[in-house]
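Each structure below is given as structure tokens.
Next, two complexes with chain A in common: one pairs it with chain B, the other with chain C.
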Partner chain A sequence: MTREPQAQGEGRVLEVADLWVEFATPGGTVYAVNGVGFDLRRGETLAILGESGCGKSVTALAVMGILRAPPARFRARTMRLGEVDLLRASPAEMRSIRGARIAMIFQDPFMSLNPTKTVGQQIGEVFRVHRGVSQAEARRLAIGLMERVRIPSAKRRVDDYPHQFSGGMSQRIMVASAIALGPEILLADEPTTALDVTVQAQIMDILAELRRESGMAVVLITHDLRLAAETAERAAVMYAGRIVETGPMADIYARPRHPYTIGLLRSLPDDEGQRRRLHPIAGTPPVLSQLPAGCAFVPRCQWAQARCSRELPPMRPVAGEQACACHFASELTLA
Partner chain B sequence: MSRFFIRRVWHSFVVLFVVLTFVFIAGRMIGDPAILLLGPEASPADILRVRGQMGLEAPLWDQYVRFMMGAVQGDFGTTFRYGFAVPDVATAGSTGTPVLPLVLERLPATYLLAVTAMAIAGSIALVLGCLAAMYPRSVLDRAINVISLAGVSTVDFWLGFMLILLFSVQLGWFPTSGFGGISFLVLPAMTLAVRPIGRVSQLVRSAMLDELSKPYIDALRAKGFPERRIVFRHALKNASIPVATMVGEELLQIVQGAIVVEVVFAWPGVGSLLVTALSTRDLPLVEATVFILALTAITINLIVDLVYTRLDPRVRFG
Partner chain C sequence: MDEPLLRVEGLVKHYRLDDGSAFRRSGKTIRAVDGVDLTLAAGETLGVVGESGCGKSTIAKAVLRLEEPTAGRAWFRGQDLFGFSRRAFRQVRRELQIVFQNPYASLNPRMRIGDIIGEPFEVFPDLVPGADRKRRIGELLERVGLSPAAAGRYPHEFSGGQRQRIGIARALALRPALIVCDEPVSALDVSVQAQIINLLEDIQKDSGVAYIFIAHDLTVVRHISHRVAVMYLGRIVEEGSVEDVFERPTHPYTQALLSAAPNPARSHDSRIILAGDIPDPSDPPSGCRFRTRCWKATELCAREEPALAPRTSPAHRSACHHAADHG
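Let's turn to the complex of A and B:
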């Protein structure tokens, strides 16, 4: 665990504060992200944890500036990439930043590639658009990147199409095109969820290696607490569009404070592979178009009190850098 | 050339064989060609003699073999009466102009008309479809929807007459009918283009919306590519895969539509020839025309398949 200076801007590559995203749908407004904020320090890995539909991917898309609007609407108090104010950047500035300073990889690598262009064209296109290099040069650079993400016989495979690659290889190609211009930040949205466990480990190894080499910061968006614990230095746990717990990954994993985080941890199978009954979190996440006034976790929380449904618990520090948005955070223990 | 394409060529030969067989059977089913040729008042002796000359007294399978052998060599017999004012009982069925050259002579005019109509329709439909897909549910999208619905609902020979009334008779911008420079081409090509504009623009719109909703579009946006590049170099290219199939179908529809529209505009193509052949009961000429139209259809389908393999690598390697 590295301790970075806390001064404003110092060591921080990304700052997001009070981000709100909503979607106008025929069934009413869906409040997907409700006042999310986080900082990303240079070279660190931040895990954004939560189940499907909790707003983690939407947060990433909002930071990239590629939410589909309409139907999406978003606002934030702060969104800074280093010295650049992303909220004031023009569309052209945003385009020059995306893919160059901040890159993103997605959950389904196969669906994230254009099926009718060769992988070489797709990786090389990043250089063609951002650097204006020639076709031949782009192809040469693409081969180099494919070698860097350890795609076997890259020279031969550069002119193959996505359907000729496996899922793991496709994700390597996505990684290759994401790191092409040496971004400061990589947003990895469930990068291994669609892949086998063994392939998952390979992709995470490649990401770790790239981080070591380039000092790139990673936002790992995942529902997989164990994957986050293995990879990330810090974590933010999201529930129903809010961050409910944040702090050093090791502290959260060792002593979760929010009932939701506690539930996530209890639902994991044993580390040692011993057979025991798993404890799923009872109930289902709330409908994001009808969020309650108080804490959104109340219907699923075994410790909920009357106060919880009335009052939205604010984020409060509990111990060290760990903070939690629960009225009873200091009283709860992992039973 | 891929194995896929060789297989498709082989299929085409099978289709052509089937079409020829149908042409043969239909030709024997519409009545005695000798009576068709000589008219209902002909004497039984004359009919018998002409049947003999036409080889109709031979067994059916023998006629079939001879018909197929002739077709393979491009010989569909000679015209019954095309070019003659009065049918000559003595020579009918034995001499006269071979029909295939007659059809081939008319072919370029029909192809010119069909390709022009398709080019007009394709380019307009592409622009309309893309605009509608880029601004879905906008006023523009709705207006384009109305245009395309009007297009698909149009009856082409009626539209042809209306265009003649407006642009030739009232405004005098284009000649009413006939064959000559580009001015003669405009109205019939526009007439034939209207329906494909409607059908193709609707498909372009839905195919583009489909492509633009796919995750790879988000991935391209995440790479900071300009929207223009994403829409035209990526989405449009992929959306053109289903569109290519429909353009092939529409081209066939245009060739079919040309049969009537050529008559409306007195366009000297295969279509008006076929109508003349039918109304004069000129069986060999009908057979040759149908054969050439079938060949055209098969060729268009082959070209579509070829375009497919260029557009979609998954077909190429499949």
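Let's turn to the complex of A and C:
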């Protein structure tokens, strides 16, 4: 799956450069995101991959402008949504952008739904707030969206409350509200992690169809390498608040270059059921309040040298569009 | 024929649902497990897969009598498990242990690790003499890859993966013949998951313990199991060796489940997308319970519940009137 390299700036719907997020906590400052940069091209799916605490969700919340500050503090060199500079947007501008141009869905749909309102009211609310349509019109539009995300008997179910829906149906309702105004970007934060695998397949199929129809770009935030490998064109792998590897998803899956990505793939049972012994990554992720000066992966890396603890490796191209933040990336192979 | 380590026949566990009124029951019954047979040989791993509400965890609880079964029988080394008084059952229970999904909830936060792991020795004081317990706890900690010094610390000082190791050490304390692992790695990150899976494999190799491995992650189950049972709405719909079930699935539900799991090595186009949700387990469909979501369903399926029947080998069985033929 190789794609034509695109000219600088062309077709980019989102650009983030040098994003830093930290949280002031009683236990000290937690450095959650440490200089993250990526861009998103029109209509593509970019996977942000990593394990718990790597900063992938915080990155998305910062882009959405919904990080609560304090306790969060954040800064970035660039954060642009098309022609809009998100760093300079007023709270009112951000409110009109959120939902209309960039939307987000979360792991737990029940947390995001209001239990006291019907699902039709909640989906319709987007139209009432952003478009000022009548209640009857909002309801009609809500039914249309419920049909688009394949909720059976939408006309009847539009007046039901969230608790009357299963987890999978609730996530469809969240998808319906998120796509209501036809956003250019959907941030999907572990959208299927809480769901059963057959339901996950349904939701991913719906997202793929919406993408095809509308050209919406998706940022898929996930810990699931296989889901990402199936869904995304490009990926950014995060560790301890930094992107350590980026490039075409298929290339990363076939030939990871960063020791952390290599470790993640070797931790997985074989795709084809070959029963080889798993190769876990030793140890545990670093504490984000005490990040080391050099590469944060050093204590778990089998290839680490003295230099790695001293010097933070910069992101460098390794092959084609693939880039990696490791001093020794070009010398490593997935055994 | 040799008596297997564990044999379960016709296991049923129903839960009565209360409608909130103090005087009346709603009459609704959740049929969590509704007639399940299982066998497990010593040293074997039986994977149990299926989606939420299929009854896989309920089987574990019923076999260990953490929940009293509604009906059915079970024999452990030929002894009638459900026939014991609760008191007598405790002696058998020594050899039947469980590791839970959530290593945060299953360890008492106010107890030191050494006391958590040594608690079974208090319950069975004649098993390990008091003087030897400290040494034995140290050995158990080392067995699961932790330092014996961990004994003096508290659960909150450990990561999720380390806590799961502690849970495994506790399960091993009484040298069980069977450990039920109920989603033991699903709360853990991938890199840590692999550590725990390797540990469970090593323990089995050394001690010959048998596992019932309950999980929703199919690749993990395929990796660790010898045999697999696939459940849907309280029933086993297919069972057999890992190779039979994963390479030659015959039940439409097994086929859909396997095809739904993300797998970059396989083409998307062949994916089976099921319609709708799992039906309400208090009101399962007539006949075959899967028929409401099945693309092969016919009028026969609504009328007659299919029985488990042999497929590609005598031990490979599935319950479907229209099972795929791999012959």
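Following the convention adopted for this analysis, the second predicted complex is superposed on the first by the 326 of 335 C-alpha atoms of A that agree within 3 Å, B and C clash if a C-alpha of one lies under 4 Å from a C-alpha of the other, contacts with A are read in each partner's own complex, and residues count from 1 in each chain.
Assume a residue touches a chain if its C-beta (ideal position, glycine included) is under 8 Å from a C-beta of that chain, and two chains touch if they have at least 3 such contacts.
Please read these numbers as outputs of a predicted model, since none were measured by experiment.
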Overlay on chain A: chain C relative to chain B, clash or fit: fit
First (chain B), second (chain C), both or neither touched by A:313: neither
Partner chain(s) touched by A:183 [first = chain B, second = chain C, both, neither]: neither
Which superposed partner A:124 touches (first chain B, second chain C, both, neither): neither
Touched partner set for A:66, first chain B, second chain C, both or neither: first
Residue contacts on chain A - larger count, chain B or chain C: C
First, second, both or neither for A:226, with chain B first and chain C second: second
Partner chain in contact with A:114 - chain B first, chain C second, else both or neither: first
Touched partner set for A:103, first chain B, second chain C, both or neither: first
Partner chain(s) touched by A:202 [first = chain B, second = chain C, both, neither]: second
Superposed arrangement (fit on chain A Cα atoms) - minimum chain B/chain C Cα distance in Å: 7
Contact residues common to both interfaces of chain A (with chain B and with chain C): none
Chain B residues touching chain A - in the complex, by the definition given at the top: 214-216, 218-226, 229, 234, 237-238, 241, 311-314, 317
For the chain C and chain A complex, residues of the former touching the latter: 51-52, 159, 161-162, 189-195, 197-198, 201, 216, 218-220, 222-223, 242-243, 246-247, 256-257, 259-266, 268, 271, 273-278
Contact footprint of chain C on chain A as seen in their complex: 51-52, 152, 166, 168-169, 196-202, 205, 223-227, 229-231, 250, 253, 263-264, 266-273, 275, 277-282, 284-285
Parts of chain A lying in touch with chain B, wherever the complex brings them together: 61, 64, 66, 94-100, 103-104, 106, 108, 111-118, 125-126, 129-130, 161, 163-164, 174, 177-178
